[in-house]
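Presented below is the structure to which this report refers.
Lettered A, B, C, D, E and F in written order, each chain numbered from 1.
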Amino acid sequence: MRTTRLATAIAAGAAAFVLSATPAVAQEAGALNGANTAWILTSTALVLFMTLPGLALFYGGLVHTRNVLSVLMHCFAIACLASVLWLVFLYSIAFGDGGGANALFGGFDKAFLAGVSVDALWGDIPETVFFMFQMTFAIITPALIVGAFVERIRFLAVLWFCALWLTFVYAPVAHWIWGGGALSDGGWLGGNGVRDFAGGIVVHVTAGVSALVAAMVIGQRQGFPGEITPPHSPVLTMMGAAMLWVGWFGFNAGSALTSDGNAGMAMTVTHISAATASLTWMALEWLRYGRASLVGIVTGMVAGLATVTPASGFVGPLGGLVCGLAGGGICFFATPWIKHRLGIDDSLDVFAVHGVGGMTGTLLTAVFAAPALGGLGHAAGATVGSQLLVQLGGIVVAAVWSALVTLVILKLIAVAVGLRVSPEVEIEGLDITTHGERGYSL
Amino acid sequence: MKLLIAVIKPSKLDEVREALTSLGIEGMTASEVKGYGRQKGHKEIYRGSEYTVHFVPKIKIEVAVSDELAERAVQSIQDASRTGQIGDGKIFVLPLEEAVRIRTGESGAEAL
Amino acid sequence: MRTTRLATAIAAGAAAFVLSATPAVAQEAGALNGANTAWILTSTALVLFMTLPGLALFYGGLVHTRNVLSVLMHCFAIACLASVLWLVFLYSIAFGDGGGANALFGGFDKAFLAGVSVDALWGDIPETVFFMFQMTFAIITPALIVGAFVERIRFLAVLWFCALWLTFVYAPVAHWIWGGGALSDGGWLGGNGVRDFAGGIVVHVTAGVSALVAAMVIGQRQGFPGEITPPHSPVLTMMGAAMLWVGWFGFNAGSALTSDGNAGMAMTVTHISAATASLTWMALEWLRYGRASLVGIVTGMVAGLATVTPASGFVGPLGGLVCGLAGGGICFFATPWIKHRLGIDDSLDVFAVHGVGGMTGTLLTAVFAAPALGGLGHAAGATVGSQLLVQLGGIVVAAVWSALVTLVILKLIAVAVGLRVSPEVEIEGLDITTHGERGYSL
Amino acid sequence: MRTTRLATAIAAGAAAFVLSATPAVAQEAGALNGANTAWILTSTALVLFMTLPGLALFYGGLVHTRNVLSVLMHCFAIACLASVLWLVFLYSIAFGDGGGANALFGGFDKAFLAGVSVDALWGDIPETVFFMFQMTFAIITPALIVGAFVERIRFLAVLWFCALWLTFVYAPVAHWIWGGGALSDGGWLGGNGVRDFAGGIVVHVTAGVSALVAAMVIGQRQGFPGEITPPHSPVLTMMGAAMLWVGWFGFNAGSALTSDGNAGMAMTVTHISAATASLTWMALEWLRYGRASLVGIVTGMVAGLATVTPASGFVGPLGGLVCGLAGGGICFFATPWIKHRLGIDDSLDVFAVHGVGGMTGTLLTAVFAAPALGGLGHAAGATVGSQLLVQLGGIVVAAVWSALVTLVILKLIAVAVGLRVSPEVEIEGLDITTHGERGYSL
Amino acid sequence: MKLLIAVIKPSKLDEVREALTSLGIEGMTASEVKGYGRQKGHKEIYRGSEYTVHFVPKIKIEVAVSDELAERAVQSIQDASRTGQIGDGKIFVLPLEEAVRIRTGESGAEAL
Amino acid sequence: MKLLIAVIKPSKLDEVREALTSLGIEGMTASEVKGYGRQKGHKEIYRGSEYTVHFVPKIKIEVAVSDELAERAVQSIQDASRTGQIGDGKIFVLPLEEAVRIRTGESGAEAL
């Protein structure tokens, strides 16, 4: 989607930055670029891999044995539901042309991929490939939120939440920022819209904020905080974390939509941020608690990746290092703060890691895009300061919208089907009660 | 005969096994248990949150011995598994009315 | 292999459809297409990943703890054996030029890749890449059959079965349909041969039917059905299923042998079918048994993927949806029917899921290839009706051949080395008795 | 890096071999090749996947439950540390231009990727992509060494060892062989330098030899050999092994730095060697111990892959088969020999598998590069004999250097922070004592 | 002294632990077991096939108590673990001849 | 009443269960244990190295029975679990003073 945004940007005269960013657009119009297509096909597989099984295992290892299957089930069912809805109308809302209402949403012209032939192109790759690549983002975002209410949510509520949240939060926000809507170039925030390369706002801020609200509405797990049991399998968690790291190459470097230096630099800064944040978290944990844990270092990794996501296509290696330091450091302190100071049982720390990380990275993007700091430069007319305000505006709008809509959705679901399982079921565990299975019979 | 039930530190199992073998006791049964006593469980910290673990992993061993051997067995289990630190564990002695070796049908002391 | 088939098809005048399907062939002859090569190299890795560890974990989680290693061992050893045999002569049988006997098999000219230099091309990709990509299909197909006789088969029997089955079932059938043999364009079924994009017949029907026969010949597990224990680790099974889904992108979209819209659309319909089938299975299970299980939803996923496999390069999004609905629904009812009505212990439901799914999809291909239904169109002269007959013919031939040869092979093995372990060994478990290891010492 | 080496080679007149090997260089200079870029981006993800989680799981499954997390932690922390250091100065040492000292090391000009813009090219791919691809090699190599001292090493010692070893062993040796240094064409060994396609010496010999030395310095685990417990989870080990196999496609075929027949043939011989070595190990185990184990067959796989690594871009299918036979066979006998005859507790057999395999393959490269044996040919002026000497020279230099430097590093660490945990901690396990976590709470 | 062996519902462990603690009983050992009684196992359905699970997961706790405490301990375990539904479990009381605290060598009641 | 503790081969659990049920004993508790006796553990070989496994996986079953049933129960466990090979296991008989069914509070024999 950057390509279109950038096309607009060119029209808006931001040529300098743009050209360096995507040589692709230099090609003669309408020609398929097989190399870019190959990389985005690959990236699509990588990002799906992030959710199935990556995120599912990462989350599954953090809960009690008696709930591990329910977490895997949530992620899996969400992936399926999101995929079908993406075809039915979500893609159209996010990336269609909403005509008069385009600032707000993309309309329904592309529902069921209407009019998208096998040869249709998006920029210089097949639109089907772009459709699939974007779908994988729509899959992982609601799955991230699951971390807020594991071990007590009703399965049916998860499905309803997924469907409504994608429709009223994810798809619109994606349209605003990536689909030519209100927050992109020439929108409410002026000629230079929000710069969110791979989803710092679209994915992490929306998921993080919604998770926080959901945790508050649904309430704490029984025995929180004192009697909660430790992660039942750090092994599973590390496995999932590693898959998230690998898949994130597709997430960020794939977001270049090209197979070139832009993708290469995005992959580089992404990786550097992940590594730096991991070491940062490890060091802080060591200093503060006297030992470095596996669960800790991989949490730092996720924080670093979430933080660099919006910046990945705009900054250089230095930006990657700083995103890692900031993301790892800030999230390290945010996590216990939310759980203990605020007493909110955002069970797997979705807001503290993804929300906080995504916001941090979105702001850092404005700073480290500066060539002086090794960045790829701002759009013409934009400065660090001006862009900072735009980024801030984007965060606020997305956060407020996510919070409000999530609140409404959950209230509706509470009435319609109920949010929580009974206390007995919660103690007995969701696996056997809701899904009729046990995680392990060794 | 007596049935000795001892709850010990997992890392002590091998030493206890050797101690009993040297006494000529040639059989035992071990299983993984969790427990607490003076040693009141502990706290683990994940992502800055404290998790209370009430039960500490231990190994429970069950050894059936003849009356004569009982006392020395208790003693050697104690010697082998003691570290002097809290959590060392406990030994319980129960009366054992009968023992049968399934393979041969032998019963009583010679079944041990 | 589609490229060659399509080349033939062009000759046969089906230009319209063909060109839309593979712009690649438009290129000047003999030129290497680096982009297509990159995607097929990637697809090869993805399809290998499906078996190792994907399928192995999927199957391993479904059996008893005491047999988990034996299942992993079967999949791993089969992968190694199939690879070496593929080089030695299987590739030649499947994709060589059999001269006079070409309708039946491809001869031995390409044994040991004789005459295939580093620069040799297949279509516009290196033949070595095509060789590797196809090898991964020859790896997974016999591994699928393992599901029919887990927990009681002799390891040596597995190895013999793999070697003989690949030689007399897989390689010939692949040749008939993909290698220019009897079932392809201009063969026994007329100008328009079977349309099997990625292996609905070549992989799933052959494996499914052979599995059914194998289950009958080898017999039920002790205690079947009443005393069989539940899957020992739905966690492993979900992990493997997720890897299968991701890898299937290479399986189906890679079968385009191009990095373009054809691959993009194939990936799209594949994904849609997987998601739809998963939800279908979940819904049916919920309605019928009052709860949706993780093992259930991932089984639906496999059914949807097997069903869309033959169709993936010929149908549009609508076709993907219908393949998912049909595959998920039909396999859901077929599974208990085979096990209980027929009392056949096809232990991991290979026939009910892959066989039934593959047949369903092969037939649906003829229908949803119709442009009116969003398909990419039939070859010139072909209609839904005519193609349906051709597809049916292909299924029947492949099914009958697979059944007969499998029967013969197993009878031979029974005599030569024996099929089953002793009842004691079966109760004690294959891991410790056959492989001298235990799955877990936690 | 082969591209540059080959450029030199061309200058040296070895055109024949070179051109066949990399059509890429035929392109007009300075042009980005998107297809090659796509494949190397993918390969980078594949090779990272080898370490995270591949190698971590492979190793983790082989140790005692009470140490599984420590092994995952070692691999993860090493990956992070190596990544940051690679950016800071390691890449520059390995692939920079050291000017006068270039025979020895590449200097610091490229520290922090100084002067490497988003558009900078290495050959015909972005230098950032080359940087990332090479980084993944620098990640896995020290992680391999972990196998030598698991279950008793101090975590802090692991971190120090990783940093120092990469600086003084890995980066320099990589420079000598791949960076235009002393062991490459025109260096100390004459016009034709060492041929190490993907790291037989740079990765496997350095890691293997250093592991052996480390095992001797750090000493045996308590109770070695009699009282060591069996692998706690062959399931994890198989999972990791399978990921290693898949990732190795990126490791070897990616080392072509092109998306063409060279990559295709490299992938082919790599796969064939892995499969052959697995079957070889399985057969030998069966003959010698009466049963074939899962841990055994996957160990054979790793041996085959390590062996073919240096040869992968130079030999044909026959070479792949022989590498598999030799690697599987020799390592099978080397493993118990080191542990029992020599009584060295190289706990996870790093030297016996990687060191021995890497050496074997490095020598076989000289032989099977011969066109008569299906190879791609030697450089002009080189013969099997002459190349054998060169390869041997490379092995000796790398081995001696690795051994000496590793010894010094470990002695320093022993003094500075200590190498081993206390006997009590060793018995209690590293997970709970060092990292405060347990692997499983089922 | 008595050794109480109780087989309870896994979800009741915490309540039982608290009940005993409030009685001043400061140690216990727990382990995962499977069993059946009136509650005859159950069926699980996978892919439309029924799987019989004869044994239901339970937690077994072992508590050594002085004779005086025995009765009240039994009572409070019962109160804490009862749901009134089938499968609540059983409590068994065995004679305990001796108990030793490994760390100190104390024996008898004071070892508990 | 008696508490029977039997350590048997894992593969024999089902047969023992059926044998006891046919005796009208309608409850039991089973758990996974490891042990050794005459059967002295074994060696496993990985990558050519021998690993000594001192403890062999077994299943421990606990059955509380009335005095009358005790003997026949021991006998049928023995018959059901015997293979005649080393490692068949052991049966121990302990006195059981009291049994309580948590759900109903019934005690004594009728609680079984």
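Keep in mind that, in the parts below, a contact is a pair of C-beta atoms (placed from the backbone, for glycine too) under 8 Å apart; a residue touches a chain by one contact, two chains touch by 3 or more.
None of the values given here were measured: they were computed from a predicted structure.
Listed by label, the chains touching chain A and chain F alike are B, C, D, E.
By the document's definition of touch, common neighbours of chain A and chain E comprise B, C. Mean C-alpha positions place chain A and chain C at a centre distance of 34 Å.
We define each chain's centre as the mean of its Cα atoms; on that basis chain D and chain F are separated by 51 Å. Centroids of chain C and chain F (each the mean of its C-alpha atoms) stand 46 Å apart.
Residue positions 14, 31, 44-46, 94-95 of chain B each touch two or more of the other chains. Within chain A, residues 33-35, 38-39, 42, 227, 229-231, 289, 293, 295, 436-440, 442 each touch two or more of the remaining chains. Contact between chains, per the stated criterion, is found for A-B, A-C, A-D, A-E, B-D, B-E, B-F, C-D, C-E, C-F, D-F, E-F.
Residue ranges on chain B touching chain E, taken from their complex, read 2, 5-8, 31-38, 54-55, 58, 60, 74, 77-78, 81-95.
Residue ranges of chain B in contact with chain D, taken from their complex: 10-11, 14, 44-46, 57.
By the touch criterion given at the top, residues 3, 14, 17, 26-31, 62, 64, 94-103, 105, 111 of chain F touch chain E in their complex.
Residues 225-231, 289, 293, 295-296, 299, 332, 335-336, 339-340, 349 of chain A are the ones that touch chain B when the two sit in their complex. Across the complex, chain A is touched by residues 20-21, 23, 33-36, 38-39, 42, 46, 65, 229-235, 238-239, 242-243, 245-246, 249-250, 253, 258-265, 267-268, 271-272, 274-276, 278-279, 282, 289, 291-295, 297-298, 301, 316-318, 321, 376, 439-440, 442 of chain C.
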